[in-house]
Each structure stands twice: as C-alpha cells, then as structure tokens.
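Each chain gets a letter, A, B, C, D and E, in the order it is written, and its residues are counted from 1.
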Amino acid sequence: MRGRILSAAVGVLTLVAAHPAAAQAPEPYRVGMTAAITGPFSAGYAPTYEAYRTYFKRVNEAGGINGHPVVITYEDDRGEPQRAAAAAKKLTDGALLLINASISPTYKPVMTEAEASKTPLLFGGGVCPREAFPPAAPLIFCTTSFGSKWDSRMALGFIKEQSGTKKVRVGFAAQDIPLSRIELEFAEQHARELGMDTIPVVVVPGAASDFTPFAQNLKDAGADWVFSWAPWGVEIGVFEALHRIGWKGNYILYGHQPAQDELTRLRAPNLHALTGNAMFIESLPIHAEITKLVQGQTNHPAHYMAEGWTSAMVLEAGLRKCGWPCTREKLAQALSSVSVDTRGLRGGPIEMTADNHYRRATYYKVYRWDAGKNAIVSVGGWSKLDIK
Amino acid sequence: MTASPATPLLELENVEVVYHRVATAVQGVSLRVPERSIVALLGTNGAGKTTTLRAVSGFLGGDDARVVAGRIVFRGEVITGRMPHEVARRGLVLVPERDKVFETLTVGENLDAVVPGRRRLVTREQVFHYFPVLAERRRQLAGYLSGGERQMLALASALLCQPELLLVDELSLGLAPAIVETLMALVRRLRDELGTAVLLVEQNAAAALAVADAGYVLEHGRIVYDGSVERLLAHEDIREFYLGVGHRTDRVRYTDVKQYRRRRRWF
Amino acid sequence: MVLSVDEVTLEFAGLRALSGVSFAVEQGSLTALVGPNGAGKTSLLNCMGGFYTPTRGRVTFEGAAISELPPHRVAAAGVARIFQFVELFRHMTVLDNILLGRHRHMRAGVLAGSLFWGVSRREETRERRRAEEVIEFLELERSRKEPVASLPFGVQKLVGVGRALAMEPRLLLLDEPSTGMNREEKENLARFLLRIKHELGTTMLWIEHDMELVGDLAERVVVLDFGQKIAEGPPDTVLRDPRVAEAYLGRAWDAQKGAPS
Amino acid sequence: MAALGGGYFKTSYEADLALVDTRLRRVALGALVVALLVLPRFASGFVLDLVSQAAFAAIGALALNVLTGLAGQISLGHAGFLAAGAFTTAALVERGLVSPLVTLPATALVGGVLGLVVGMPSLRLKGLYLALGTLAMHHVVLYAAGEMQARAGGNTGFTIPPPRLGGLVFRGTVAWYYALVVLAALVLLLVVNLQRSRAGRAWMAIRDRDVAAASVGIDVARYKLSAFVWSSVVTALAGALFAYHRGFVSVEAFGFFVAVEYIAMIIIGGLGSALGAVLGAAFVTLLPYVIDALVAGVSPDAAQYYVFPAKFGAFGLLMALFLLFEPLGLVGIWRRVRNWFALWPFRHRPLRASS
Amino acid sequence: MAQALATTLVVASLYALLGAGYVLVYRASRVLNLAQGDLLTLGGYFLFATAATFPGAPVLALPLAAALSALTGVLVYVALMRPMAGHPVFAAVLVTVTLGILLRAAIVLVFTDRTRHPLQNLGLSNPPRPLAGGAVVSTFDLVMVGAAVAFFAALFVFLKVSPLGIRMRAAGERALLASQRGINFHGVFALSWALSAFAGSLAGMIYSSNVRLEPSLGILGLRAFAVALVGGLDSLGGVVPAALLVAAVEVASVRWGNPLLSDVSPFLCLLVMLLVRPWGLFGTKEELERV
C-alpha cells in the first residue's frame, strides 16, 4: 500500500517533469500569469485572474486574435515570493509574455526570471513598479490603476483643492508593510511641499485587534484630513474608528474593489474614495457588458473586474498589433506603442511609449456618498495627471 | 487451576500484549478471579504485572499498546479491547500504581468526578465510613495529601465506581509497613463486607499473600506458577525467591553466593 | 576519606529535607545509606550528584567540593550514578548509551564531529573499542544495536549499569538497585557489587531498603530518618539499634487515625 | 549483528562506523549521484528549479532537524533565522560589500549570535513553551527586518546581484541547481557525521532525558546552546543562499508559515532522521506541484474559480492525512519498504519482551 | 485615557475569548491549536451564512451559527485530534495547522475572499455608544465585552459546580485515570473542543459584525496565544488577567509608545513572561515538565 503511494508520487513527478506542451491547431498565443489567487492577499488579486480568464474566453470564442487563440497558463503564487519565482520559471518556458497580478514582494523574483529569459512582463492588478515609469525598463509594463507617487500627488492635490485657502493639517494612515509606509512617507513630505501641516505617518498593523487607538492618535493630533493608501482593511478600519470616536474631518483613501459597496454601506459624507477606475454605479455600456459576460463565470461581483479587464484589453491590443507569428521582442515592441481605448473604464486611453510603459496620462476620480441624493456621487469629473 | 469451580468473575485466556507494534510485554497469560475472592499477582519489576492489569482495565489510544491475542472475559462478557471507562462502568475498577488521584481537584471533587457503574453497591456514606480521614479533608486539594491518604482517596474513588472487582496495582509501594498492614486489612474488610473481589498486584509478596486466597506468579511476561495461598506459601522456590525465607533455617548469605544459580523454570 | 558529607542541610520552600547530615566514606568501600521512605536518602544523593545544592554544608569528593558543582561537572570529577528508575536514553541503541558513558573521556566538539575527521574519527574508533569491552563484561552483545526502549526491563537495568561503568567512575552512587527484584536477581546484584568492589576498586555509596542485602554486603551503614542521621557504623551493630528498628517499623503515623481499626 | 541481507561482516570498528557499508548501498548511491549529475541534460528549467528548491529546503530542514530532531529543542523560529541570514546579506550588499567572501562569514556570525540569544530560553524551557518563545523571537526578528526594509526604501525588497568571485559570476538555473544539490549533500554529510559522533550523541541524550544526560557528564546548557548555534549558523547561511539564488530579499518571504513548513518537513520526513529531513523537504516542497499536475488534467473550465482554493485545500488535506496515518514519517515508509525487500520472501516480525 | 481604558477592555474581551479557546483545547489535548484563529474566522462566516439564510432574524441566525461552531469543534476532535493521541505533540500541532489550511480553503471556496459584513444581512446596525469620561465604543464593542463576561462566568460555574465540569477538569489533568473512573474522556474532550470552537467563533461573530469579515482574519488568533501563555497554558482563570495585561500593553504602546511596536507587543509580553515565570501567571509549574 505504502509502496504504491511512493511509486504513484514518483510517477506524478515524472509527469511533471515531462509536462508536454499541449499541441493543438491552430498554434495559440501563449501567455503566463502568476497571481495571488489564494492566500492572505487574494481578495485584491483573485478578481484580476478571473477577469483575464473571462475576457480571453470571449476572445477565443470569437475566433481568437489574428485567427489564433490565446492560451493563458495561470499559477497561484499565494503572494509568496518563492512560489512566484518558481511560477515565473515555469511560465517563461515558451510564453510570449508574463503577467504578474500579485503583491509587490513577488516583483523582484518575477522580474529576475523575466529578464533572464527576455520575456516581457506585464503588471496588471498589483501596484506599478517604478521600472514601468519613464524611463521605463524595456520589458516591464504596467496597467494597474493605482501607482505609487502619482496617487499621493493626486490625493493631496484633491485635498488642497477642497480646502481652498484654508491651511489644513493632514494625517496619514499606512499599513505596516514597506510599500504603504514608503508611499505615505513620500506623501507626508509632498504635503509639506504643498504648504500643508502634516502629522507623522501612523502605521497600523494589518491584523490590528482594534483600530481605535490609532484613530485616537490621528484625532488627538488634530487632523483635518486623513489620507490612507494601504490594503483595504486598514484604509477602511481606520476610517470607521475615526468616525466612531466622533472625528469630524475628511478622509480620503484609494478606492480598491470593495470601495463601491463600502461607500454605500457606510453612507458617510466625509469618506472619499480616490480611484482610477470608473465605478459601476455610472452604468456605462462597458459596465453592462462586463456584468453580462461574467455572469456565472466568477464568484466575484462584476465591478471587481474593472482592474483586470483593462489590463486584458491592453494585452489584447498588444497581441493584435504583434500579429502572427508573434515573438517576445515583437510583443514588447508592440506594447511599447499601444494605445487602448478603455471605453470609459478609465478616464482616458492607456497610451504607452518607448520610454513610458505606464501611460502617458493617468486619470482619477473621487467618489463619495451624497446623503441628499442617497447615492454615490463623483466629486467633479476625471482629473488628468501627465506622466513624465 | 485451583480456584473455585464456579464460573469466575474475571478470566484471562492466553492474553498477549504488544507495545509500539513490536515489543511484547506479556505472552500467553491466563488467570481467573472467582467471585468474592482476593487473588494476588506477584512478580518482579518489569515482569508484566502492570501491563496485565492495564490490558484488563483497557488501554487508551495514546498508549500505543494492544492485546494482540487471547481474550479477557468479565462476568461472561468479552471485554478485550474495550476503553477503560467502559470497563470501569461494568464494575471492573483499577487503582493504579502511580497518578492515582486528581491533584488539582479537592478530595470532594475527586469523589464527585467518578461516574458510577451500573450496579449500586457502595454509598458515599459507606465510603466515608471506611475512610473517615477523607471526610475531614473534603475541601483540601488532593495534591497536598500524604502518601497513605492518597492511597485511601484512590481506593475511595474506585469504590464509588461501584466495583465488583477491584484491580489494585502495588498497594504497598512507598508506604511504611504499618500503613501497608492497615490498608491490606481494609482490602480484606471490603471483600468481606461488600463482597468486592480483588486482584492484588504486588512486589511485596509477603503482604499480598497475607490477605489473598490464591495467587499467580508472573515472570518475563508469562505465568510461571499459580495456586492457593497455602500451596504458594509451601512452595520452596516462592519461599526463597519471593518471600526471602529459605527452606533451611540458616539462610545463605549474599556474600556466599558464589555460583550463578539458574533455578528450575516452569515452562 | 574519599567522600565526606559535612553538615548538609537542604530546604525546599521552608520544608527541611535534610538537616545537618555528616558522614564519610572510605576509599574502595561499600557504604549503604538506609532509612524509611521519605527519610531524605535520594535528596542526599541528589546533593552529591549536583541536582540539588545544599542550603548549608557541603560534600567533598577527593578533596574538592562537589556539592556546588552542576551535575555534569560532578560526573567529570569521576562520580557516576545508577538511578532507581532506569534513566536511559530510550530511543538510542545500547551501544550509543554506553558510548555516552564515555562522553567525559572524549574531546571532539561539534565542529570536529560535523566533519568526522581527525580527532573525532580517531576517538570514535578508540572509544568504540572501550564500549565493546563493557558490552562484553555485561554480556550485552545481542542487543548492541537495539534501541533501549525495545529491551526487557532487566536488560535495560544492565545497560544503565554499563553506562555508569563506561564512565570509569571512582565513586559510584546506586539508588535502590534491588527494587522489585526477586531473590535470584538480588543474588546476581550482590555478586556484581562485589565484583566491582574487588576487581575495579570503585568506592560505592548505595541506597538500599533490603536489610539482608545491606547486612551481608555493606561495610558501613548510615541510617537517615526525617532528614537526620540517626545511626552510623558497621551493619551488625547499626541494624540492631532500637532507634533504627523504630524508624522502620514504628511509623504507625496517622494511619490509626485515618483508617478504622 | 550481521547487516541486513546477510553476508557482510565488519572486520574493524572503523568499518562499522562507515556510512555506506554495503556494496548494494554503494551502487545505489552512485546511481543517485549520476542521475543528479545528468538531470540538467534532460529536464526543463522548471524541473531543475523545483529540484533546486527541494535541495534548498533540505538544507534548512537538516539544520532544523539537528535542533529539533537530534537535540529535541522545538523551534518555530526557523524562518526568523533564515530572515536574519538573508537580511544580513542584504544589508552588506546595500553598503557595497557584495563579495560572498564578506557576506557569508558575516552571515554565519550573525546567525551564530542570534542562535545563542534565541537558545537562552531553552535552558529553562521545553516543548511547547520553548516553541512559543522561539515564535516570539521570530516576530521580533521579522519586525526588525521590516523596519530595516522600510527605512532603506526598498518597497519591494532588496535586490541582490549574483555572487561574484573575481571575474567569475555565478548565475543561471543549471549552475544553481548544481550548487544547491552539492550544498545540500554536504550539509547532509555533516549531519550524518554528527549523528555518529560525540556531539550528536550528547544532543540525542539531552533530547531523550536531560537529567540523565547531565549525570553522564554532558554539559546540558552548553550542548543545548551549541545545537541552537549550529542550526542557526547553517540556517542563516541558507538565508544568504536564498538571497543570492533568488536575487532578492523581502520580509514577506519569511513569514510564520515558512517556519511551519519546515516543522512539517522534519515531522513528515521522520523526526530525528537526516534522510527523513531530506525526504520531508522534497515532499513538502513538491506536493503543491504534484497536486497541480494532477489537477491540470481534470479541471473543467466551468469551475475554474474553484480550482485554486481547492488545490490549496488539497495540500492541507494531504498533509493532515499523512500525519494521521503515517506517524513515523516518510523514513518509516522507507524502512518498511527496505525491510520488505531485505527479508523477502520471508515475513518476519521482531518480537521482544518489555515491561 | 477613558478611551484607552475602554479600548483595552474591548481588546481584552476579544483576547480572553480566544485565549479561553487555546486553554480549553490545551487542557483536553495538550496541544496548541494553531487553527484557533481560523475557527474565529469560521464563526464569522457561519454567522454570515445563517444571516443570509434568515435575513433580518438575528434570533435565529446567531444561535444557529453558534451551534454550527460548537459542532465543528466536536468534528475536529473526532476526526483529527482523537486519532493523533499518542503521536508526538508537535505532529498534533501540525495537524491543527493543516486544519487551518483546510478551513481557509473551504471558506474561500464557499464564500470567496471578498470582504463581508454580516450585520448587513442581520438587519442590525452598529451605532457608537458614548461612555463616561468621553470614551466612545461601538455597540458591538459592548457586545464583545458582555459576551466575554458571560462566557467566563458560565464557564466558571460549569467547571466548579456541575459534575460534568468537574469531570472535564479531572480528564484534563489525567485522562487515563479519568477513564478508569468511568469518565468517557473522549466525550469530555469533544466537549472541550466544542467549547473552545464556540468561544473562538463567538469572538469571530462579534468581531466580524463590528469590523469586517475576510478569510485572513485568523492572524488575530496568533496574537492571542500570547494571552494563553501569559495566563498559564493550563489555567482558565489566568486568561482574564492575562488578556487585560496584553491588551493594556498593546493599547498603551499605540497611544504612548511606539505604535509600530503594537504588532509585536503581545509577543514581547510572551517573551518577558517566559523569562520571568515561564509557567504563566496562574499556570502550574509542573506543566513545564509535561510537554
């Protein structure tokens, strides 16, 4: 019995080793994706994986791209760097492009693999690495709506605009992960440059048992505005605690996927969600289309798909432009000059250039709950920020 | 076999126990305890006495021990492999050698914790009558009792299980001779007044044979001798090796034992 | 006097286990330490083994105070102990158990051991030879590579002895070695104690409750009761001492109160 | 006394101490070495990477096995030691000290000191209590590492360039494959040596019965600490190796789950056995990929969103089943298989009396 | 200050419920249940599920969720811990880790990994409640405190007075002897696991109602075993003061010390306790030798 288990294991290992490249006609475009599909951070990344899957299912059903289907191999890295490295190693074997939709600690190992095999690497879902910003690394691309430095600039600009001539004091709520802390330390400095009063960044553990003491620190320091750029749990946790202890200031956070539901749940007029994706409450045609397409294909709500959907659009455009046969170099080149109309999912087209693999301009919108209308409203329209 | 011809209360037939799947602790042990009798099971350290008792009273899953052959019959019912609590509730109750009371519980709680067996033989009042000191210390933590008091508490809580057969492991161990004598007398009284049969497992052969009706001798996991107390006491090897009294009046000094003596074996 | 115990007092949280015990042991002698249960015999042995530090007083062995030393230093000074309940390394083989007795005669450290080169390799080969001698002495060849846990109790006891002998001690402490033995086994034990005494010349301090054994074998007897020495001398006189008899038999204690008459 | 299979008589104690003592074993070992040598010619980069990962895990598992399996000191802080090694390397590389000739000794030193500190509680604590102490240490180390990473501004971690010695740059899947396999073999050899020598015996004695160990002259405190130091030095070096191999260092790579995985490796392999540690490392590292390969063929498109959580659950389930039904670990299976072959066609049940 | 005290009390209540879970299981199986945090998460999802099934009927949803949690505890004991009896303790601890993995996977399979809010389905709201001294807590903060107080009061009465409780203590000290005294310790241990799962789940239901519900909430459990150890792994009575202590240190470090340290502060408490008094405030010293 035990001997059999052992031989079965050996057999399976041999299978893994010999994993044959599935041969079908016509030849497909091969792409690999490593994503945090499960694990403690999956809430933000699993929807991207599902969006890609649904999106290219439709593309393939409609005859593929240039007559060739797109085959994406998905690997679950659980947000663990080692697993991502192994996944990247596996995926670069024969893939035209690698997609990363995972947390930032997976970036370095995946980039190392992509670089070694000269595979273009597209970040879609996780925060954009600085290699995608101008001057961009030749093989690194990013479609994610949120990006460090730009988001802080935009949020602080919004605060300044809202408060007019009044001198405001701004607080910052970060999570105890390097990414969030570094971003908000930048924001703190930037706020001072903009002439605002600042409170040192309050760093909150992701697993805080109670957000109240952190909120109390912000309240005691006299914050008029608080900006939070972190995973959703901390962003909203600090706000709710502030709200409960009777803080009357304004709060702005990055609007991740749950933002739309949470604004509705909390109905707090002083809660602002800054986001690069149009919320589905705007009911654009593309929103309806996505909603219909993902019906029964995913366990996540349709409005969680926006991030991945946009990314998939960019990949599709790149592949179309690459033609057939497509190579890694050609695809990298194609992506470097792509211009994608997001049909309203974003504030404008995603345009990449040879030295800007992020976008020539990025667009933001701020949403909040309007008690009078009993609905989420956007505060002004799209704002545009040129990326230079 | 020497015991009374009536069907015995407890009967072991060729019981073999294996620890950790490989180490055999007792091999082919057969013995019987008739109703209302006191039977002694004698042997040296490591002869397999405790294992035999544990086999009768049941192993826990964590012991990694198993009865691999033979059967154990109590009141006509095969109880081999039953859990200890099932055995106890049938009226077969063990007073273990070590860890015999709940130290973090009070004396009273120790008695309250007992789940009584099916028949009602002993009342709490009777127990306090036999062990008045326990009534006095009812509120005291059992961990603070002296050795003798502990043994009494262990006997008392075993009695509250309503035993028809008490299995007592090393009643005398670590106790002063006078206390041993008192406790042995008490065991006899329990049998006489309550009708509880007793299987006494002892290293102290003299003390055990003083109250027992019959006895078995266990060596290296096997029964090597059995019989009524009279027969055992008359047996020259038992007298010499277990009771320390030779058949000659002048015993051989240890210093004079020059030869490595191998005595007759029974198997 | 190779071992001397001077005014040793031991207290635990106010409870006095030993009070002012003094005696001495002669080189190469077999001294028995007797007394009823709870008299403090094992506590005294623990004071010598380094497991307890006396509250007052001290124990000196070959002129050095061992009562202040931790157990491993006591062992290094040449004192070995045979435990009442065989304290063996149950998951290790007989050979490894005996080699552990040689621990203090070896030098190789962790680094040398990792490389198994030079001193470590030479030492392992050399000490293996020594261990085999002990195995032969105790006739343990058959069980050499068996894990101790799978051996019969009697053999385990022998392994415990082998481990102590492998240490080549100059003082051997024995804690009730005859517990649970029948007459035949006790005879073996006696033979064995005499062999150690005569062939190896090891000094022995021996806790024992079997008075016949003590009477026959011991040169000197020290009697403890309630943590105090109540008698000392040759067995013939000591064992006839009425105080000793009383300590052993008269402890009718509160049994009369506890149990019905 | 004759070795299994019969016919092999040792003529000297030296021969009895040898590691590979029969011709059959020599042949098997030789075959394994040849197989590992030629594997890169046949296997894909992914497979080589998997073997490298398993070899890397084996190094860590062997180090933990010395501490937990041999010396009996349970540690939940293993990932902390790894992190300490990796972050020491990162800190030096940040300051321009990139040569392994500098980083490796420094890492070993940091690992040793940390091992000494973390080992201190073991002088008073055992079992779960010690495990909790080492777990607390793990959190403290990770906290310090996180601070360091945040201060250095490395929001996605530190980049570590490939190790360079003179003009020689060490990089590439195949090169790392050989390096890790050789290093794992080396550590295995060290551990096996320890097991048959004075220090290893002393550790095992402490594990089995520390009071008795002291009474045969073993300095229990010193040996406990030396087990911690040996284990933490090797683990910290493994951390440096991780940094160079993967080319990055970040706190997320050393979470609590990593420590648990290492514990899983040595328990599933068979506690206390060096071979078990290697087998366990391979098992725990490769199991998710085996599950992947098994699921790849059977997952229907319609239920894609169930596949990944199901795989994760299957990993947990297989581990649980293994622990429930094979308490002796992989090495137990291995021994049974070996005995079965050795004794074939006779069945044999060793029986001994014991109390 | 008043706010800090109030918060301390709330956090301590959460920790006390989780800590009770650890201690109950420890006393039954001598195992540290590393899945305790995941049982907390599971409790939240049970509530979410029952609330979704009976929307607007908390009277139905809450007891049902609690019953499901207790049942889970029994199942875990029967299926996983009972067969592990006699195996090395750490193998059993590892089994609880695999249990955690299984629970998380199952939760994601059934509920996805989205953030949820059971209160929305229950039809309840969670308004702030001003207290004396200017402190404000949420309604479910108060529920947490109340639940902890009620749970502990009931538990103490149960263990001190009822025969079953006394038997549970007896079996916790010496399973074999308990069994020899007719106590079906498997039943008693299963009950311990049920109570433990119930305590953890109760904390989870309230926490997820109060804050949010997601599959990774289990991390909270990791912090709470500092509480179990500080109080003494085998001491239920020690849990309460230990929870207060750990919570106070944590809140104080956010308010007046280094907030960054708050994440490791339970572990620092644990380390200090291990160095000073390893068996905990109210634990028994003998436990140290036992494991």
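The definition used in the following text is that a contact is a pair of C-beta atoms (placed from the backbone, for glycine too) under 8 Å apart; a residue touches a chain by one contact, two chains touch by 3 or more.
Note that the structure is a prediction, hence the values are computed from the model and not measured.
Of all chains in the assembly, those touching chain A and also chain D are E.
Relative to chain C, the most remote chain by averaged C-alpha coordinates is A. The most distant chain from chain D is B, comparing centres defined as mean Cα coordinates.
Mean C-alpha position of chain A lies 73 Å from that of chain B. Here the spacing of chain B and chain C, counted between their Cα centres, is 30 Å.
Chain C and chain D have Cα centroids lying 40 Å from one another. Taking the mean of the C-alpha atoms as each chain's centre, chain C and chain E sit 49 Å apart. Residue positions of chain C with contacts to 2 or more other chains are 149-150, 152-153.
Shared interface positions of chain E, defined as residues touching 2 or more other chains, are 83, 105, 108, 222, 260, 263.
Shown for chain A are the residues in touch with two or more other chains, namely 38, 46, 176, 299. Residues 82-83, 85-86, 163, 166-167, 169-170, 173-186, 284 of chain E are the ones that touch chain B when the two sit in their complex. Those residues of chain D that touch chain C in the complex are listed here as 1, 13-14, 16-17, 190-191, 193-194, 196-202, 204-205, 207-209, 211-220, 226, 230, 272, 352-355. Taken together, the chain B residues at the contact with chain C in this complex read 20, 22-23, 44-47, 129-133, 146-149, 152, 174-179, 182-183, 186, 203, 220, 240-242, 244, 251, 253-255, 257-258, 260-261, 263.
Every residue of chain D that touches chain A in the complex is listed here, in rising order: 43-47, 49-50, 53, 146, 149-150, 153-157, 159, 171-173, 246-248, 250-253, 255, 286, 288-290, 292-294, 301, 304-305, 308-309, 311-312, 326, 333, 336-337, 340. Contact residues of chain A toward chain E in the complex are 38, 40-43, 46, 176, 202-214, 216-217, 232-233, 236-237, 240, 243-246, 258, 262, 265, 299-301, 304.
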